[in-house]
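What follows is chain A paired twice: with chain B in the first complex and chain C in the second.
Entry: the complex of A and B
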């Protein structure tokens, strides 16, 4: 290098050619920069779409999101009522909260500028504190979501294969399928709130996902002594509110419970795994009327607490409506037996074929026990109330199912009509199909209004059962021997309810149709049978209103010594509500007797 | 007469460097006789924090290891997770990753241009290159949603597909930058002051380089050809045509020459990637991140950053979070132990320029 580098001195001066060129930088605040379409700016939350599952808060690795109560947003079924509040001083704008949001309510916006000297003002409830963000969305989960929206489909028997026997239709997940399905769960707990029994759903699903099936079973038995039954036939309100179901298929909570319970193949193994602590006998006696889900639940947990529990059951088997009302292709008898055996091994005494009021008086049970629990159910069917209903071959679906489940043979012929749209109607139809009949279901409203489980409705259709919606039966037609030969019905149109209720079916004049049948089954609801206390001193003591026993929040009746639960008490008429009643009653009985 | 030695505390702020570290210098006059690097101003315990975060949450911390060049960190983590899990990455994602990595290199070179010159008092270069870097950051904003912290390369592929017409906009920026690199040459490499201040300054000879385990442009500035993208190719680097420039001398000037050519090589690579970009999926989706576990195992992956090789060691105990994350970047060697040796005999005024030239990045040192 020479002493004076002429080129090296002059070359940098060429920089002057840039003089006066427009710079890339912008003159803020005169000019504002529009952020890119995917920009990760401040959060916005669509408060209507948000269900408060809290997954955003869980994934946030900076703990910048907490879930808070907002005035005016109440927690309802499927919505915790909480909404995320974001500390933009902690946020790192990774946007994982957006991508794990199951509803897609949370997004980021193009807004990136916020200046304040008050650090507390960086704490926002998106959607409330920046409602204008709605018009400026940028980073959303529409393109890409980290939720697994697709359910592992359940292996089942083919529709035409099913109707040949009473073999269980659902085959159950294998280990790999169960693990995969369980790992879809985001553990938000909305299901726990929706479950009448508040089962520890996220916890046992997590145990299955991590390969701890035994832990899962122990968690399940914490507040449900009939989990295999629930795993097969529960009405699963948990799945209706599953956060994943907003944009995808709900996590198969019922099937996962079924998987966990099936790993214990006998009552001894169940006992070995659950290994419950049974307290020393405390000398108190509890008498239970009815070995249905509520009675069994109260009995099991009271026995664990050291009570001397005796259940009186009029039938030859325990289980109540789950034994006699549910067909065996949904809930095999071995499965129920295993659970009842386990409960008996814990110390619950069950007197079978003992009808209260006939084989033993209610008074005796009342006087011999410190507390009585009534889980008497709804065994008596409502009649249709139409002409000719007492014809031969016209029967109640619930009685039909009872007799079939008892192993009896019932003459139904080859053309059956079932009236009703609930699970009992579908069950009776599918059972009749298995006996070779051509089955038609007549229902007053539309198919989407049917109270039966959608999977059951689909199952029935797969098996070739005809469903005639908007059909109102008016008359049963019988031959001269009094044997049913047909059902006459009217077609109905759906009229919107002025008071905002669901549309009502109104018969169309002259739309009469007749369906030829050999048997008719009514399935429009059931009622209780209180004959065992009728005419006794207890009739007035235990208050009954509109067919249901009146209880307080502790399941206690107007007679403080008598508790009640199950179908005879609650309107939901499903097993899980009965189990919840039993569990609640157990805690209340324990408290009542200790305080006494 | 020998002057009395004085202790001089330099830092923790330094011109043109991201992050803080301190150097305790013993000087005689303005000549350094001893240098002791003192780090500890920036320790955020990222590696430890990751042990308490699940596999996906950990991903968001990766980019923060090194502010000027975030993507090689994300790339290392993604590849390590994929290696442990055996997760396939779609072909298109590999191409997009390489494009992003090379764009990140370019952006990082731009920052270096500014830092290297700024440390010598040549501020115009910094105004230019940092301004031009914004064009690349605009591309990142459009592609990833973030300008500096992209959080874009993640296990299984990349987070979003290319927006419509994105390739065209990349080419437009590349065309512009190519022209600008010539302007930079006029202002920097043809500049008498720059030459005078950098030639023969901050010398690292081959032997020292090898002894210290020096990597990247610093090693190539000693005439040793070494680049992970060629030596241990990942993604699709083995299918691309590019050169690894070297220079002799081992001084700041030689390292600057290497980087000058590397920036052009990055442009060459991006053009090839865009030409060959296949269609198809960009992401092989991971399971629900809250329940995502990796099998027991470990993985060590190497990635080339602008400062040199990054090594990431990741251990899984079969659970839902890392058992151990350990990252070692080039700056750890260059700016802690090597710097202490290189500074001896140098002028105090050159310390900042030397630090820049060695690729000092305190956030990467302390993690």
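Entry: the complex of A and C
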């Protein structure tokens, strides 16, 4: 061994290669080690996104989740107002609650360390007691969820095929499709609050899912005597608040109701399945003006309670706006007939072609009955209020639909313009298209502002109907015989509303355009026709404000013996609200006559 | 790779009657279903002759509606970099399987777990009766018809302080004054 050992001197210097590298030992100051991304720790709930459906609480096999009221969170339409509280002493971190959460608000965090000798401190509300969890998520249902977000698509006729006839466009689910679609429902029941009639939606959907179609129909008939109509043309506000709709397509509640009602192919079979209890006649008489949805509903449930019900209808068929306002490719006449037949078999008497105020006086009905229900609707159209509107070939869309549904022929030529953006406008356009006309819809606002059902708008576009948005009609042009030949309109720009309402269309000067047409249809809204009480003592007794009959929450008018419902009363003006009015009135009338 | 796969497939089909190949769109995997009687012999062949020396996993699927259990053995060849799935269906009521712990000793642990969690008996299996559960008397808990919620309800006491829990459906009924007929209630959540 030499005195100078080069190797022994330099070797320790090799340790310098570690210089600047991260040490393997514990660092100072100590850095907290983060858990792996897949680690399942405590829950976090995004309270804003949560709608309180309670699916987490239902799925939890350890019963660790309670739904409770939280101060400051109010229940509104589409939100139960409840939020989950978790007993972490029971939780086994299986995360089923996360996987079934329809909104994706519930997740697990990486935070798993918690030590306490107080067992009660393990009971807390995720999101409120651990707000910091938001930035520390591990297991979420973003990528995969146990919910089925995709709706079973509804078989329907192809666009260019449908315009050839009035055949029903929507073909309906078959049994397998219905069961599969019904299985997507999580039975939270948020929808029942959105439904004006509060139908028992989760119950009948569950009955369909488990293969009990008859029970489903019985549940449906519990508070809706026109379910097939609703199954086809309801405005379905239930689907807007469906928990599944937050991240996917809502459960097809309307189509499932349609499926259940179509399993009973005749009114006799409906009666056999529903098998309602009809009480002994109690000798009390109820007169109903108008056989629309509200009148029929009140009539049906009053008849079940033993009342002697007579409905007076001015038209040749019952159904009101659902008969005369809805085109037959959406709601076939056989389907309505079946339901009316069933209602008549229960004991409701309907006098057709009997206009109150002409064929029979209101006074007579009032004096003969113990109670009168008015479901008179909005039969009269608002006119456009522009020059030349009374030209030949200029008509109201609602009258046009009425005449077509009555089986009459209406001369419209081959170029039709429809003014308006509601369902009546779209219906009139699609009917005109089926009579071979080229149809243009003029609407003052944008397409997304149209009050019509989006499915109807899409349907119209599929069928080749031209929609011109932001168009304000100013003048109807007629030839020397007084026959309409064109419509002049201005283009509009959308101006934000200063008061926070929806944007307003403002006409652009000089943007005049003329559309050549052979017929013009106005569809800008309807109003009531109270001529049957005008000039009688009842005009003062039954209070009417801004065109609507004033009622209390029991549908009772200012005359205690008179109840009212339907379009002439409520602001929503759809069939299901009318049914709700009729049902509420039935209960109130029952109470009123028993107490009397 | 495809060569090896084809040769192996051919051999298994020729020697083990009833072996059915299952389609799988992966590169390094073949998949067979086979009668349970042939399980020990096919595994012995694959381990001793074909080089599948590694037992990756054994698992079980409860096909409740069909009244069957499906046992799946996953084995791996480090030389060929190939995975083989061997599946077999057995009757759920009389769940008996041949024992394979003489082929891979570690299978013993899996088999004791299946015995406890699914109630599957392995012929001649030795080892303590209890695996994870202590003094378990009830039905095997991994079977799909085992009601976990009911078990949890029986086994654990209710913590005081949770009485304010509400039912979502009832809360909405109360708010909208909906009246559900009695016969419909069985369909509620």
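The working rule: the second predicted complex is superposed on the first by the 561 of 596 C-alpha atoms of A that agree within 3 Å, B and C clash if a C-alpha of one lies under 4 Å from a C-alpha of the other, contacts with A are read in each partner's own complex, and residues count from 1 in each chain.
One rule holds in what follows: contacts are C-beta pairs under 8 Å (C-beta built on N, C-alpha and C of every residue); 3 or more make two chains touch, one makes a residue touch a chain.
If you're wondering where the values come from, they're calculated on a predicted model, not measured in any experiment.
**Student:** For A:206, decide between first (touching chain B), second (touching chain C), both and neither.
**Tutor:** So A:206 meets both chain B and chain C here.
**Student:** Touch check for A:360: first (chain B), second (chain C), both, or neither?
**Tutor:** A:360 contacts neither chain B nor chain C.
**Student:** With both complexes superposed on chain A, which partner does A:544 reach: first (chain B), second (chain C), both or neither?
**Tutor:** In the superposition, A:544 touches no partner, neither chain B nor chain C.
**Student:** Return first, second, both or neither, reflecting whether A:5 touches chain B, chain C, both chains, or no partner chain.
**Tutor:** first
**Student:** In the superposed arrangement, which partner chain does A:447 touch: chain B (first), chain C (second), both, or neither?
**Tutor:** neither
**Student:** Using the touch definition from the top, say if A:182 reaches chain B (first), chain C (second), both or neither.
**Tutor:** Touch status of A:182: first partner only.
**Student:** For A:147, decide between first (touching chain B), second (touching chain C), both and neither.
**Tutor:** first
**Student:** In the superposed arrangement, which partner chain does A:58 touch: chain B (first), chain C (second), both, or neither?
**Tutor:** Touch partners of A:58: chain B and chain C.
**Student:** Per the contact definition in the header, classify A:81: touching chain B only (first), chain C only (second), both, or neither.
**Tutor:** second
**Student:** Give me the intersection of chain A's contacts with chain B and its contacts with chain C, in residue numbers.
**Tutor:** Residues 58, 61, 186-187, 206, 210, which sit in both footprints.
**Student:** Can you list the residues on chain A that touch chain B in the complex?
**Tutor:** The touching residues are 1, 5, 7-9, 11-12, 14-15, 18, 23-25, 35-40, 55, 58-59, 61, 92-96, 100, 108, 138-139, 143-144, 146-148, 182-187, 206, 209-210.
**Student:** What residues on chain B touch chain A, complex-wise?
**Tutor:** Touching chain A from chain B are residues 53, 56-58, 60-61, 64, 124, 128, 131-132, 134-135, 138, 141-146, 149, 151, 159-161, 163, 183, 186-187, 190-193, 195-196, 199, 283, 285-293.
**Student:** Which residues of chain C touch chain A in their complex?
**Tutor:** Per the touch definition, chain C meets chain A at residues 148-149, 152-153, 156, 159, 161-162, 164-169, 171-173, 175-181, 183-185, 187-189.
**Student:** Given the complex with chain C, which residues does chain A contribute to the contact?
**Tutor:** So the residues of chain A in touch with chain C come to 52-54, 57-58, 61-63, 66-69, 75, 80-82, 85, 87, 89-90, 119-120, 123, 186-190, 192-193, 198, 200, 202-204, 206-207, 210, 212, 215, 218-219, 222-223.
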